[in-house]
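Two complexes come next, and they have one chain in common, chain A, joined by chain B in the first and chain C in the second.
== the complex of A and B ==
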């Protein structure tokens, strides 16, 4: 099963990556942040640790926090509980993410989207975060359930952004680690 | 075969209604029975009982055990709750308080609110099993084993995780991962179960079988209770075997009130039906219909929000365990006191300008004429949450709300049972009536309610949602009674929430932008939630057409429930 997943992932990468994949390199250290304050970012932190990445997690990262980092992983997904804990509104969170992405682009720090929450982080209030992060990413790593309607595949295709789809959250670890090898 | 076919239909409805391409849930109608719960398999458990010749109590108990399995984040054997029962033939009503009780050693534990919320220190003696068994033994007609069979089946055979549960596991991942026994239930390969994956709870199934065989005794006395105590104490908690052995659910009468010609039967103290009655009494002094629906009229919403603020202020000041404190029930529920409180509202602006400056009133002045309220008169003599509503063909009705405290309770699973964190419901201000004491019941927001018209059930309703429950309940009632909505429209209507201990007026985006703007001008700080949001609860409602007797049910789209009638 794992082999099938890897094969399909590679297929998708080859389909949509184009020349940008070959040109794109991801380097450490890595800043991990949230877009929407879902708890998913904590799982990504764990995945990064398991892969031995030199990664720092700042849930509410601001442009100034990018200093010293060479890659930015953003985990999109809306959580009213998370926003409440952070003490910010959805609009304020969106504006923070927008400014973080703009700063990363200005500094030429590549953005990796990691969407691991499946249906639970699609539609509703999540998709505005999914959209802005996907549109600005250089690579997308997505648990397949979150792409059942082709949301990420379509962005990947139209913007020539490599996309890796896996079946389970645990299966994102290896491709995440491979991005930095 | 019949059961399999029926479950197939239910699961099909489940897929249609909870998938990523979710369709609106329309009210179901029926004349033989109706149930609304937060999960299709719990609703189907109740319908199984009704179709098998059981009454509303059999159905409610079956659904309550089942919901603890298929919606394990919100309630279960390790939690507690309350239930209002109306027996239509006898025109008698009952209230069973089966909320937890703090340990005889609770104050020794040094529980710190916030810091210890997801630890064994937060656990109260759970009451769910005692309450459900009491209801079944007193009013049920089917064998307990039959009533519990759906819950056992879903625990042992598993069921697909729905979108709500998948999201809640993700949202509470640190709590779920914090206890290895809890993680072993909700994680797969070390990561959260996702929508569509099968959740099997073999250990929970074993406990359910023991209860089905031995009743309450099997849970509160003997080897199982000892294993709970050992497990909880190994995790730092203080519950004792005596705590379990001495726990009793309490059967009393519901708290009663009226609203515009309807009779309200609701959860008695220290649960929060008293605040519902007080709020409705206050709103009787205002022509809501003439003022317009709160989603379209800033004045209506402002006045309702001010009512919320005042009843929450009174609730904080006066509501506690009647075994420990003197609650001025008659005063708080008197129409005269409501008029006095309503008259204090400035109808054109927020006054005082901060919600937190709202003052509590003095209901004791209005105590005199109903001093002998039936809080402790037993009928019969011995006697974060989910809600379910049931009615049977004879008009017997049950409104039942139960909880683990916050989602996934304490996060501590012992012998297959996920335990509550209901100690979070106590006040840690030693001056407050709800201050933690040993063996005390906490104040809780749950408000299961049955509304009668001319002695017959008219509505059966309730909601989870912690502090939002009371405001949501008031909105549901006025949506039906004042604004003439059917239960589905009332349920899906935008909601708002405000109280003394909030800095914002929380509103769903269905409250019109111009209304929100006007509210800001009145002094409110408005916090908007796009679309509909689980924050505002997940109401399960049934209504009965007084002319035709037809039942209509509505499960809240904010939560993945379903109403089924036949």
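== the complex of A and C ==
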């Protein structure tokens, strides 16, 4: 009996420790920005508001905008209309994202990737943005349709980045909120 | 003498007969098909009633009014801006023939560019007509052109300078109504029709306006809701609502510096909240195979399956089912319903309540024709 109790206690402690490691936590305030200027970032802004996060959204965030923030959420996905609205070329947008990521890494601000656009924000001109954000992220929250070909899963596995896959955009709200609790 | 010219006479008669048959067929494009509005219709006017500069022209078009008699907002639903986009026109026809409004008003224009219904795009091989089975037989509809009939507006300039932005586009776009807003009272026919739409929006104090479109599976702007930046919350709410209904729409912001489009100029020049929606239509794509009625209605094309498999492009195409007309019309109707629901949350004092429209699942199950009257 004593042996069973001891074994169970050790197992529970190990499980708790393991789950703590898996349940990565990030700090607020949060800067939300886009990579590719898709309007998906506006949806993430809405979801973050609904979760009561201390978050600021700057579509075209630059390295200087990181001041005062403790986490960076980047929503990748190419949109020609979005780039048109922002008045920048794809190359200029890529260079902005590259500099933002470099600055965040230098400042040790963790990057969270949120890919919510499914197929519509994959391949074509989207994947260069998806790749650079995923490669530099500390956590990935992805709507499953965007990972049908295993794009994010492969990066998660090769770089040991935690990945949460959900079926719907609305289902990203809770895991997003939990990252900061 | 007669024997000497017999072959010439026979060839002349055959040519003349073929010419008459072709002319009759061509002339049929100028006769609009009958529409059968629901019994809740309260008014039927012409677009020229809002701007007489298009009276008596092929640009004039029918405007259908549904007034609940209860004070609220006003929705404008426009189909047929590009009459080669079948689901655009058909979505408004299904709504027209079933709608009941219980708060506010709804205005429907099924043939926004009426002139473009009278021709088809040259060198594209589009069928001129298509038929749909209904509860009581079949209904025949025209499949028109992307742009105003060149017989009604000619010639095209080499370069089209959009009014009033002066943005330069290809000459062909001078006949594209979705590059013509806010229009011009003394401009060409397309500009005058666009001007008339703006007058209607102003005079009817339209609160929310829809411009319904389709596009090729391979273009980036497909299966989207394009919104004016002033009203992004309404679009985002609708995107989430549609997702809960199992329909994925991508939100897209209207670029501020791309002029002449409804989602830009209706928002800039009027008080209306504009939305433009696009579905994926393989019959419009550059990768399509044989272009026929089957492709327009069933939306199934092996070329797009292969293109999608290649992974070279992002293709908005469902390999198993294609993009049938039921799917495209269902998406548009659900998009309109969810955007109005989302609008109502933000404008509780100017509500618009609509009923009796088939939802996506019902249209997929029973077909579009089930919801057409005749």
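Keep in mind that, in the parts below, the second predicted complex is superposed on the first by the 156 of 181 C-alpha atoms of A that agree within 3 Å, B and C clash if a C-alpha of one lies under 4 Å from a C-alpha of the other, contacts with A are read in each partner's own complex, and residues count from 1 in each chain.
Rule of thumb we're sticking to: a contact is a pair of C-beta atoms (placed from the backbone, for glycine too) under 8 Å apart; a residue touches a chain by one contact, two chains touch by 3 or more.
Note that the structure is a prediction, hence the values are computed from the model and not measured.
After aligning the two structures on chain A, examine chain B and chain C and state clash or fit.
clash
Identify the partner contact of A:168: answer first if only chain B is touched, second if only chain C is, both if each is, neither if none is.
In the superposed model, A:168 contacts both chain B and chain C.
Considering only the touch criterion stated at the top, classify A:136 as touching first (chain B), second (chain C), both, or neither.
In the superposition, A:136 touches no partner, neither chain B nor chain C.
Can A:85 be said to touch chain B (first), chain C (second), both, or neither?
The second partner, chain C, only.
Touching A:148, do we find chain B (first), chain C (second), both, or neither?
Once the two structures are laid over each other on A, A:148 reaches chain B alone.
Pick one for A:118: touches chain B only (first), chain C only (second), both, or neither.
Touch partners of A:118: chain B and chain C.
Looking at A:156 after the superposition, I want to know if it touches chain B, chain C, both of them or none. Which is it: first, second, both, neither?
So A:156 meets neither chain B nor chain C here.
Could you tell me if A:39 is touching chain B, chain C, both of them or neither one (first, second, both, neither)?
The answer is both, since A:39 touches chain B and chain C.
Which region of chain B runs into chain C, 349-357, 439-447 or 475-483, after the two models are superposed?
The answer is stretch 439-447.
Mind sorting out which residues of chain A both chain B and chain C touch, each in its own complex?
38-40, 42-43, 79-82, 117-125, 145, 149, 168-170.
Going by the contact rule at the top, pick out the chain A residues touching chain B in the complex.
38-40, 42-43, 77, 79-82, 89-90, 117-125, 143, 145, 148-149, 168-170
Note which residues of chain A are touching chain C in the complex, please.
38-40, 42-43, 46, 78-82, 84-85, 87, 117-126, 145, 149, 168-170
Going by the contact rule set out above, which residues of chain C touch chain A in the complex?
Going by the criterion above, the answer is residues 220-221, 223-224, 226-227, 229, 232-233, 235-237, 239-240, 243-244, 248, 250-258, 311, 313-314, 316.
Which bits of chain B are touching chain A when the two form their complex?
It is residues 19-21, 163, 166-167, 170-174, 188-192, 194-196, 527-531, 533-535 of chain B that touch chain A.
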